[in-house]
Amino acid sequence: KAGLAGGAALAASKAQAAGDPVITEVQDWNRYPGDGVDVHPYGMPSQFEADVVRRNVAWLTADPISSINFTPLHSLDGIITPNGLCFERHHAGAAVIDPKEHRLMINGLVDKPLIFTMEDLKRFPRYNRVYFLECAANSGMEWRGAQLNGCQFTHGMLHCVMYTGVLLKDILNEAGVKTSGKWVLAEGADASAMTRSIPLDKAMEDCMVAFGQNGEALRTEQGYPLRLVVPGFEGNMWVKWLRRLEVGDEPWQQREETSKYTDLLPNGKARRFTFAMDVKSVITNPSPQAPITHGKGRTVLTGLAWSGHGTIKRVDVSIDGGRNWHTARIDGPSLSLALHRFYYEFDWDGSDLYLQSRAIDEKGYVQPTKNELRATRGENSIYHNNGIQTWYVNKDGVAENVEVS
Amino acid sequence: KAGLAGGAALAASKAQAAGDPVITEVQDWNRYPGDGVDVHPYGMPSQFEADVVRRNVAWLTADPISSINFTPLHSLDGIITPNGLCFERHHAGAAVIDPKEHRLMINGLVDKPLIFTMEDLKRFPRYNRVYFLECAANSGMEWRGAQLNGCQFTHGMLHCVMYTGVLLKDILNEAGVKTSGKWVLAEGADASAMTRSIPLDKAMEDCMVAFGQNGEALRTEQGYPLRLVVPGFEGNMWVKWLRRLEVGDEPWQQREETSKYTDLLPNGKARRFTFAMDVKSVITNPSPQAPITHGKGRTVLTGLAWSGHGTIKRVDVSIDGGRNWHTARIDGPSLSLALHRFYYEFDWDGSDLYLQSRAIDEKGYVQPTKNELRATRGENSIYHNNGIQTWYVNKDGVAENVEVS
Amino acid sequence: GEADPKAGEGAGEQFHLGRVATPDEVAAWDIDVRPDGLGLPEGSGTVAQGEAIFDENCASCHGDFGEAVGRWPVLAGGQGTLKDDRPVKTIGSYWPYLSTVYDYIHRAMPFGNARSLSNDDVYALTAYVLYLNDVVTDEDFELSKSNFASIHMPNEKNFIPDDRDSEPQYANESEPCMTDCIPGKAKITMHAAVLDVTPEANADKKDEAPAAGIE
Amino acid sequence: GEADPKAGEGAGEQFHLGRVATPDEVAAWDIDVRPDGLGLPEGSGTVAQGEAIFDENCASCHGDFGEAVGRWPVLAGGQGTLKDDRPVKTIGSYWPYLSTVYDYIHRAMPFGNARSLSNDDVYALTAYVLYLNDVVTDEDFELSKSNFASIHMPNEKNFIPDDRDSEPQYANESEPCMTDCIPGKAKITMHAAVLDVTPEANADKKDEAPAAGIE
């Protein structure tokens, strides 16, 4: 076997070469073929990315079927969340619905109540839009101070995908909204029959009824086959498994807009219908789950910024706990009501870091500190915590969720 | 059991109601909970989307480890291809490489040859860009006439994702390119050790060395942990499992730029280094795999357009085989060197349709007919077939790949 | 190429898609109830009837007196705690409208077997929850469509509209400070590591009490 | 917000990342060979030596004479067919440079066991492939680093640069026709359904001959 003998000789000489053996020795993947094109009709991430998963926090709720898991923000980059990693929040598990058996009803203050099949809906003009979705309770654990050690847990009720769907306006117009109509009730088909009241103005402005995310069909966990998209507004309003839209003259005061998603203030009063998500940002790397492992020198700090009021105009980064700020580089498409990716590259001298980011949106809103928020809202609001997050990074690069003075 | 008795009574009365039973009867998914948030750490598509998969064509090649599968364009919408559905083309299977054992070498006409680990590379400034990737052989089967019945097979060597990576320019500068350097050889670490020569100008203009796609790590089939991104140029140049970049003063004339990816003309001459992908479009719906099932009336026609020369300025659609054209609605972000989504909504009268689309890019290039291409190039070019595609749709909505005069 | 969804082709146009819903179809799904009573069905139920249904179908999670078992939701109590460090927000202490109780129980409870209760069941359970919260005190109290709107919840007046814009951090617009914004070096005032309520991979820490819950 | 990659922070700057490659590391990976001979290693091999190695390691796929088994690639023949309806593009009929043969066999063959051949093996195989293609005719011909550059492939002169821009459909810029562009009704001239080489779900149609292959 002339050919193979030659190979053995080559391998022997390589083993003595000066250098990294993964370079000087021929590796298996450079010699033997991998899987063919018929093996993975629908591909999955590499086995080496097994830690890039949604995680839940068992003690947060009584049961994982009415609970939350979190997007691993510290393992992602860019502005698009892969469909398999979009955080889940449902109140009676993820409903499995055959699209052939799904219907959308429009009733209430309309000229004629209508029923649409999925096939009907796909005949309206379609639009594709990238929007962030943030749960109003994102960072809710942090009102009383630093608690969860990782941006997956402090900020991971957040995702951003490109939706494909039709305009809510177009399907409401098809039924004919009466002039007395001022609100729309959206209802889900799952076992929690989730309901939320949406102002008609918002419904007619930019809401979508979506059946696609990131090019393919909506995922089960995100409401397959149909969900409401309410750009910039709190995630709970984006009703999943959407089956009904009722037009009315008053809001419904449903459980998710009275018992939940109302913001209790220190004087015992509570705000309601606090729909828009405030200007916010977080450094995703370094962070507690993603320490600096390369020591001193060139360091890439990166994070996400978003606002329910439009685009992000600027993000500032501090490495000294808010003493001095540096304007970060926003990279990638800057789309209204979508996540924005920012980077700040610097040479780390190995000393303690107190990392903070501060977003400013197109309306001029500046992300506040947590203490500014507490000064007006106390610590019982649960929702809408958009305060500046601090990560402390020690000399070994280990990062921790802290608060600083 | 007062509660349950009441439920039974309710169900009985509903069964007699006038209407669609999926509405008038309480369905299981409206009563019983689904999976909790701890069940799917990495989510997958709904069971009802099982037909949305990559498909290969067994007779195209001797073995599926050096072969192609195709993106199901007819099942997707928007401009982003989900990672699990990006078509695969590899020459020795999909290499599985532990990122800890992956290296990138720069050698040749540089001041100092360098080795980077994956961690090193992630310390360069990162960028996120949406680009289409088209295999130069896409639609290659159609040079001699209509052959494959479905846009997945005629146009599915195409995908479009958001890449995260660093600029090739930045890492070449780190090694210091000598003034004599004019070309860059890119080499893969897989068992085909794929190589292509890239002009240095292109390398310094907009090429990226990418480790992310659509937010998460590159997929194995797309070159995990590292691939070259050569925006607008033929897919074969986007070397996967990228391990080496050599700077030289001449192109290397490697197998994939001589035996393959050269375009044979009728006079026996062959074009080489035909890098840029020409302006092109295809109607994805209706199409042979996605017939019209709703009969006459409102119909959504949609498709994709792209060009290796920048953005798409306009797409025209004909429903009568090129006699008359209607300007389509381009929807979603219009990003340079990315897919563009177009729609044309019309009321179908139920008569025969001869559907065509024609893209025009920002440089003014107009997508040609297949016969215009054949007039200059004959039928043996294999690559760079950007001719206008025709789908014939009969009265039943069934669609077929045809050519028309 | 970016088309404005507000100005899309066909805006305001009718597409002649879908079909008219039948009255029975609308009735099957249109079960929502509003504070003004819109949507309330015919029917009635007493506190005593409610107690029986509750003990059978609800108490296993919510407790005999609505005090909750484990981490399942509390349904009663907490009056006067809204200004406390640890407010207890229940139907009695927090909810502004009774219609929400009816509506929610009807659409979503009992958890695991939703839509299984009759209209009378829900009237009775709603009456019983009012009783557990001392809003009614008579075991013979009967709640019905006709007296529903006369019941007012104690905390109704404490809900205010969204006035986040008037908070100092948003109202007092000014260019944010860039240099020497705070004197001295940053000092850590609180470590997540001290509480360490972070879930560890493969560790079930259900016992650890968090400092704040997500509702 | 859209930052230009050409104008990113740090453009042209050095980042002091990575480390210098050792000569052995560069040698291990830098195996490419150019038409001008750059990259050719020391070594040599004859047609006769090549035949022995080929029969053992290559013929099972490529055939005893490079004529190919089944759908595996053809390595010889096809001279004079490039203007035919069905051109046969092989090393002998099409490839412009011999360096590509050496380079490709060395990096990628035998399929399934790449990088297993010595430099001498590859010289011998390259010589044998030349012989199969009648570029050399002597069984004793020895190919080596020193005579490599003297061998020229028959089709070298037939490669031309990219001139797509000069084709009429691109060169003759004009506004495309929008109305009444072609007289009469569209007439179908060819159906994919007639050939029907479309893969069916779960059907293995390896036997059906396609009208054109993808290389």
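We call the chains A, B, C and D, going by the order they appear; numbering starts again at 1 in every chain.
The rule is short, and it goes like this: a contact is a pair of C-beta atoms (placed from the backbone, for glycine too) under 8 Å apart; a residue touches a chain by one contact, two chains touch by 3 or more.
Since we're looking at a predicted model, the values are computed, not measured.
Visitor: Trace the shortest chain of touching neighbours from chain B to chain C and give its length in steps.
Guide: Shortest path length, in steps: 1.
Visitor: Does A-D or B-D have more contacting C-beta pairs?
Guide: If we tally the C-beta pairs in contact for A-D and B-D, the bigger total goes to B-D.
Visitor: Please report how many Å separate the Cα centroid of chain A from that of chain C, as a whole number.
Guide: Distance between chain centres: 23 Å.
Visitor: Cα centroid separation between chain A and chain D, in whole Å?
Guide: 45
Visitor: Listing for chain C: what residues touch at least two other chains?
Guide: Correct list: 3, 8-10, 15, 17, 21, 25, 29, 111-112, 114-115.
Visitor: Going through chain B residue by residue, note those that touch at least 2 other chains and give them in order.
Guide: 20, 23, 30-33, 55-56, 58, 66, 68, 92, 105, 115, 120, 123-125, 127, 129, 191, 193, 297-298, 329, 331-333, 345, in rising order.
Visitor: Between the chains shown, work out who touches whom and classify the graph as line, ring, star, complete or other.
Guide: other
Visitor: Could you please write down every pair of chains that are in touch?
Guide: Pairs satisfying the touch definition: A-B, A-C, A-D, B-C, B-D.
Visitor: Tell me, which parts of chain B touch chain A in their complex?
Guide: Going by the criterion above, the answer is residues 20, 22-23, 27, 29-49, 52-56, 58, 63-69, 75-86, 88-90, 92-99, 101-103, 105, 115, 119-120, 122-130, 162-164, 189-191, 193, 212, 214-221, 224-225, 241, 293-294, 297-300, 302, 329, 331-333, 335, 341, 343, 345.
Visitor: Can you check the complex and tell me which residues of chain C touch chain A?
Guide: Residue list for chain C touching chain A: 3, 5-6, 8-15, 17-21, 25-26, 29-30, 32-36, 38, 61, 70-73, 82-83, 85, 87, 89, 91, 94-97, 99-100, 103-104, 107-108, 111-112, 114-115, 158-164, 167-170, 173, 176-182, 185-193, 195-199, 201, 204-215.
Visitor: Under the touch definition given earlier, write down the residues of chain A that touch chain C in their complex.
Guide: Contacts found on chain A: 55-62, 66, 68, 91-92, 105-108, 112-117, 120-121, 123-125, 127, 129, 137, 140-141, 143-150, 153, 167, 169-171, 173-174, 185, 187, 191-193, 195, 205-206, 208, 243-244, 246, 248, 250, 252-255, 258-260, 262, 264, 266-275, 278, 288, 316, 320-325, 354, 358, 360, 364-366, 368-369, 372-373, 375-377, 379-380, 382, 384, 392, 400-405.
Visitor: Of all residues in chain B, which touch chain C in the complex?
Guide: 1-7, 9-10, 14, 17-20, 23-26, 30-33, 297-298, 311-312, 329-334, 340, 345
Visitor: Can you list the chain D residues touching chain A in their complex?
Guide: Within the complex, chain D touches chain A at residues 1-3, 8-10, 15-17, 21-25, 27-29, 49, 52-53, 56-57, 110-121, 124.
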